[in-house]
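Got a structure for you, written out below as structure tokens; questions coming shortly.
To keep things simple, chains are lettered A, B, C and D as they appear, and every chain counts its residues starting from 1.
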Amino acid sequence: MNAAAEELDPVGLSDAAPESLWTKGLYKFRRDRVGMWSFAVVLLYVGIALGVWLGFWATGWADLAGGKWEPVSGAHWFGTNIIGQDIFDRAIYSTKTSFEVGLVVAVLATALGAILGAIAGFFSGSWLDELILWLMGVLDSIPFLLFVAAIAYTLQSIPEISKYSMHIAMIVTFWITAGRLVRGEVIKLKEMEYVDAAHALGVPEYTIIFRHILPNTAHILLVQATITFVAAIKSEVILSFLGLGVKDSMSWGLMISESSQEVLAGFFNNFLAASVLLFGLVMAFNLFSDALQDALDPRTVAD
Amino acid sequence: MELFSYSLRKLATGIPLIIGVTLVSFLLMVYFGPDKTFELVGKNPTQEQIDEIRAQLGYDQPMVVRYLDYLREIVTLDFGNSESTGERINALLARTIPVSIAVALPGFILGNLLGVGLGLLAAFYRGRWPDKMIMGSAAIGMSISFLIVIIAFQIILSSSYGLNLFPVRGWSVDSFGDYVSYVTVPTLATVFVALGYNTRFYRSVIVEETTRDHVRTARAFGVPSLQLYCKLILKNCLIPIITRIMFSIPFVVISGSLLIESYFGIPGIGKVTYDAIITGDQPILKAVVALTAIMLVVVQLLTDIMYRWVDPRVSLK
Amino acid sequence: MRLLLLLLVSLLAACGNEQGEDSDTAGLRVYHHSSDGAPTSLDPVQAATLYANLIVVNAYDTLYSYKYLERPYALKPNLAAAMPEVSGDGLTYTIKLKRGVHFIDDPAFDGGKGREVTTADVVYSILRHFDPETRPQGAWLWQGRVAGLEEWKAAGPDYDRLPDGLEIVDDYTLRIHLLQPYPQLLYTLAMGYSGVVPREAVEAYGREFGLRPVGSGPFRVVRYDTEKLIFEPNLNWRWEPVDLAAEGFDPATQGFTGIEVLDGQRPPFVDRFEISFIKESAARWNSFTKGNEIQYAGVPVELVDRVLASKDPVSLAPEYEALYQVRSDIEAGFVYSAFNMDMEFGTDPDPQQNERNRALRCAMIKGFDWERRNDSFYVNLGKVFPGVIPPVVPEYDPDASVDSVTRDVAGARQLLAANGWTPETLPTMVYGTVGSVRSRQFYEQFRAWMMEIGFPREKIVLREFATFGDLNKRWRESQLPLISAGWGLDYPDAENTLQLFYGPNKAPGSNSSNYNNPEYDALFEQAAVMLPSPERTKIYRRMNQMVIDDCVAITGLSRTRISVWHREVLMYPDTSIVGGFFFPFVALQDEKGLRLAPEPTPEVN
Amino acid sequence: MAEPLLRVRDLAIEFDTQYGTVRAVDGVSFDIYPEETVGLVGESGCGKTVTGLSLLGLIPKPPGRIAAGSIEFGGRDLATASEEELRTIRGSEISMIFQEPMTALNPVFTIGNQMADVLARHKGLTDSQARTEAIEMLGRVGIPSPARRVDEYPHQLSGGQRQRVMIAMALSCNPKLLIADEPTTALDVTTQAQVLEQINKLQEEFRMAVILITHDLGVVAETCQRALVMYCGKVAEQAPIEELFAQPRHPYTAGLLSSIPRIREDRPEHLPIIAGRVPDLLHLPAGCRFAARCERALDRCQTEQPELGEKTASAACFNPVPV
């Protein structure tokens, strides 16, 4: 422990209790009021999304339930849109879409980053590492929107996949951050004694990487996944606005792009419904992600 | 001389990157990319006419030939003519990049300056209410979608439902006054969105630096806070700051702010690129991607040189 | 940091100077027009869009043009000295050109001086449509009609060799030889495609010719980019005093514009004609209402109810009445969704299956709610009509039965049930469209209607294409079951819409529905060589009925555009056929009064 | 005896942590007299560094704060002094040097620049005067060819040289008190001895008092006249150096001394192990903090806290090791 760390931890608390990172993290997280509140909000959204998924509510998002641009009423809580669809239903339904996009992208991008990052880190210095680093550099250098557009094009000739072109594009770009973090961590971890021990016991390399080293980066991956989740939701909005996003469904991005013409004409319901819900989720998730990072990152002890 | 040979070596190591970027984007955007043929065939084409257009566009060439063509274009920095308007790509870049810079620069500078300023302030008051206020606002700023900000700012500042102060969209700049009136709303929107991220980033860099031993030393020798933060700490933070700023430059200059420009109808490189996506104008896409990659390599080099300039520990190896 | 500031300052300076030609507008009469889209090229051979046509017919001369005010649309000579002499068999047209018409000055010419326009230029301009190098889009207008064009192309484009069909009698006389009578020929000579270009400029500017128009039209382009186009009057043009009677002025319907004062006055009435290209209707409206920006716009659908006091006749709400003029005009075109008859639900060799398929298509047509579509997106101003002969053409039948455009959900369900269509057996309908908010809404509305007649939601599938080209590719390659399209008329003759269902025009041609009915085709061929006449109208209407009876398309609706313009502008704008032809007549009236004759008129050289 | 230079009374320092508030220093009192060298000894986490930092108001706030007590120096109470007041004292009247010479200097400024800054601030020297002075100071702390070294950056110097630079900087304004926080821990053994020797030599030259914070009793024995032994935020024992080593009174001190390794080169990272664990500061016992580990603990020790006497040699113990 260097002097700086001692100053921050003058009483040596981090040595005091030999708890695991996770129990300590949980303990810290539960004491983080902002974190707990934001987690509650996230859970609320999860509940909404699950309800949509199970068909409890917002089932009528595609129906023409009313007239054109009906104002807010008991029947239509946020009014109706230009073709008479219920904006409340659509906004609620979009929660599911957001989670779908967020989860799919966060999980797969993080997983991809973990695998490639771990391989690169473990074999650091080898051609494999060079190759993966090169790939990261290359993908980082292509402007994001151009890249997504390009992938959307390439995939659109395959109708079964074209629905997911946005997801794929995001995964292909978002894994890089996770990959870099994991690579760095693995380079550190592979010097640890237990890795040497595993080597000495003749454990195969890939078992060492994925059984022994990678699990020790789980806290980084978890935090990175939440960050990716937020990034995916926010990107969805912009991509859908540009017509590169969600295809066969409903999303806040689509609602906002629908509203971009309406707002200047003084019809704000679509815009407000979608942006307030979007803001709520992103804000809660951002704070949740921060709290998680505070709780799980051994470096930020008293920040 | 040392610098020169270093630069050459550094640029040479950038070649794999450029080849990678161009190959990936060639495959995605050109070879499997949008097909311009059917934009150009007219209302009632025959198969023969379709084939003629394809030949005109060079789509009938094998992949390798087309990729080598692309590389040749990069080496000669001559990307031919736009497939939509026939304009020389170089003329088009020369026309649109200055506009993009003019649009993006004020927001870019302000966003970073304010970000550093607020980051310093927050770090200085770490844990106290000014810090909490700034970081809370940053979290809010980060949580609002860029698109929502643009729309909201347009309503508030430019529409008859709001203050109606600025033009709704467009770019008709003949004087400095025009420039200010057109650039204000895009700038505010950019700053609003960037500020949250910038402030957080700069604060964490600065806070990290404040925990360093040399800061305690400085305090132990009576360095006043202002000097401590604005000189000693800031200079130590320059590496991450420079990295962040420099590496966003190629994207600001070359890809422009696609969203801002297409929303506000500003004829910069971002809008042109977006239109090129919409109309499948491959020469423009090829040029934009290649230039971004080249600029990234150049920026990497410049960044390294700047590192040495701000940090004596860095040497050009 | 200092470096950045320096850069900023120099950039600002650059911005200030960059468009110097814009800055000197003090004291000039500037009319600010707007358009909801920008042309991508101003080369006449690529003038495929309305946007391009607006500009091209003003930068270039066409042999004929439409009269400013006459409705239904009527042609008048433009570059041509008079209407053509047509031979008795309708196969030979002799057209005299005006003398002394010059191209604008341009470095491409010897000595930079615009030279006189001759017959050779007209021929050259048409031949360019048969030269793949120029990427032309208008060949279909003359192909197979004007003699010798295919041969000319097949032999390799050589402009020094002329096809049989285009005969240069002398510098001012053109003779066109047709393979068969082509009553629409004159219309094609009023289209932007036939704008007359000088060969020197085409050769000098190559691919960039589309950016640097060099024509002999009433205006010259001084600036052109994706945001704006600036015209200045071509003072050497044959500005003739306005003859309202000859232009077909109707005081009853057009008197409100105040253009009578222009009668007998000599244009141009403006020093500068600026066109801003603003795609978003709301942004366009906002700019319009600012007062000092654009002076012409459309009313966004979202605002129609607030802006208009009444729709028929159209009038403005009091707050706008004092400031603006308004007119509604029905588009020269229509929107429709055609079924791809090559698909499983199209024509079938098995008569029983064929009938079942027809029932399915008819049921979908019955499920479609034109009235609601009109209400949602066209504020009930659109004109719903049966079949494919839109109201704007003289052959339109106002008394036709509207059954095919009347929604009947019960009837649709019954029809489906009677023919054994169940949610399980119904085919999946892929709705292909260019990705945009509006087309998505169209799709969602369509899906909801189809769900109401029994389609499961997942059987109406959206496929968005990022570019029109990508969508067009699927149409031309017959890959999509539903073709939701709009058709803009090239000329006011129903032949232009009926050809959309003509068998030989099948994909990749314009007949995206791949409708192939020998009876229909025979009628089409019969009518194609007929001059307008009641008999021809009868044939047209019979063909129309066949499209309806075979349930080939869900059709149709002609949109109505509401144009508004500032009161100080004196004009009668038209958004489609006449399009750009009204530009030379636009006048401004402000506190200084009406601007009539231009400042010093340079001598005609 | 002369007036004390520094008089610390009942100093208590608290930190807010995720787990609650802890008192890292609890009721510490001591005096420092001019020109003497006093050792502040204890294990890591015993509160010695925090005590040292508090004397200059360098406790990071938040999360730390001085909760009670006074620090009298030159007629002022540094515990309540404003930041401005403290700033004029720091580096001029009281200087501090730290454990990590590698990181304690600002890496992006030359050492001359950093030294001149201190001189300019506290002595009001011009740039060129400050530079001359800095070169001279560097010479006095034994940096070879100081005129050249002055323009180098910290990373160009060795660890020992950097610590010398720190010392030069600390002494450049003739402080009355130097707080040296583990100044030699990070150095190798030979360098360590040289640096200690240098400090001793300079103390005489500059006639200042030194507080030497260390866990190394050997260092204390070699350099200090007096020592305070801290345990768990409290002073366990204070005594002149000979007395402390010859007759430790507090069982903790005795334990420490008995576990000093014979072979110096075998110096361990931490103090030799005494049976049992240091109590968690969040869950302190009601009585003596060492009671749980103490072989001599009485019943009383479990419930009552022993106080340190006023005498120069005293131990906070109800049952001290008999003399």
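We adopt the following convention: a residue touches a chain if its C-beta (ideal position, glycine included) is under 8 Å from a C-beta of that chain, and two chains touch if they have at least 3 such contacts.
Source: prediction; values computed, not measured.
Enquirer: Which chains share more C-beta contacts than any other pair?
Expert: So the pair of chains linked by the most contacts is B-C.
Enquirer: Which chain has its C-alpha centre closest to the mean of all protein C-alpha atoms shown?
Expert: B
Enquirer: Express in whole angstrom the distance between the two chain centres, defined as the mean CA positions of chain A and chain B.
Expert: Averaging C-alpha atoms per chain gives centres 23 Å apart.
Enquirer: Could you work out how far the Cα centre of chain C sits from that of chain D, in whole Å?
Expert: So the centroids are 88 Å from each other.
Enquirer: Just how far, in Å, is the C-alpha centre of chain C from the one of chain B?
Expert: 38
Enquirer: Report the inter-centroid distance (CA atoms only) between chain B and chain D in whole Å.
Expert: Here chain B and chain D have centroids separated by 51 Å.
Enquirer: Provide the list of chain B residues touching at least two other chains, using ranges where the numbers run on.
Expert: Residues 34, 159, 168, 212-213, 216, 277.
Enquirer: In chain D, what residues contact two or more other chains?
Expert: Residues 63, 98, 100, 103.
Enquirer: Mind pulling the residue numbers of chain A that touch at least two other chains?
Expert: Correct list: 2-4, 7-8, 149, 153, 257, 260, 263-264, 266.
Enquirer: Inside the complex, what are the residues of chain C that reach chain B?
Expert: So the residues of chain C touching chain B come out as 4, 7-8, 11-12, 14-16, 18-20, 22-23, 40-41, 43, 46, 48, 132-133, 135-140, 206-211, 225-228, 276, 278-280, 283, 286-287, 289-290, 293, 466-473, 476, 490, 499, 505, 508-510.
Enquirer: In their shared complex, at which residues does chain A touch chain C?
Expert: 62-64, 68, 81-85, 149, 152-153, 156, 159, 162, 243-244, 247-248, 254, 257-258, 260-267
Enquirer: For the complex, give me every residue of chain D touching chain B.
Expert: Interface residues on the chain D side: 56, 58, 62-63, 83, 86-92, 95-96, 98, 100, 103-109, 117-118, 121-122, 153, 155, 166, 169-170.
Enquirer: Can you tell me which positions in chain B touch chain D when the two form their complex?
Expert: For chain B paired with chain D, touching residues are 126-128, 212-214, 216-225, 232, 235-236, 238, 310-313.
Enquirer: In their shared complex, at which residues does chain A touch chain B?
Expert: Contacts found on chain A: 2-4, 7-8, 134-135, 137-139, 141-143, 145-147, 149-151, 153-154, 157, 234, 237-238, 241-242, 253, 256-257, 259-260, 263-264, 266, 271, 275, 278-279, 282-283, 286-287, 290, 303.
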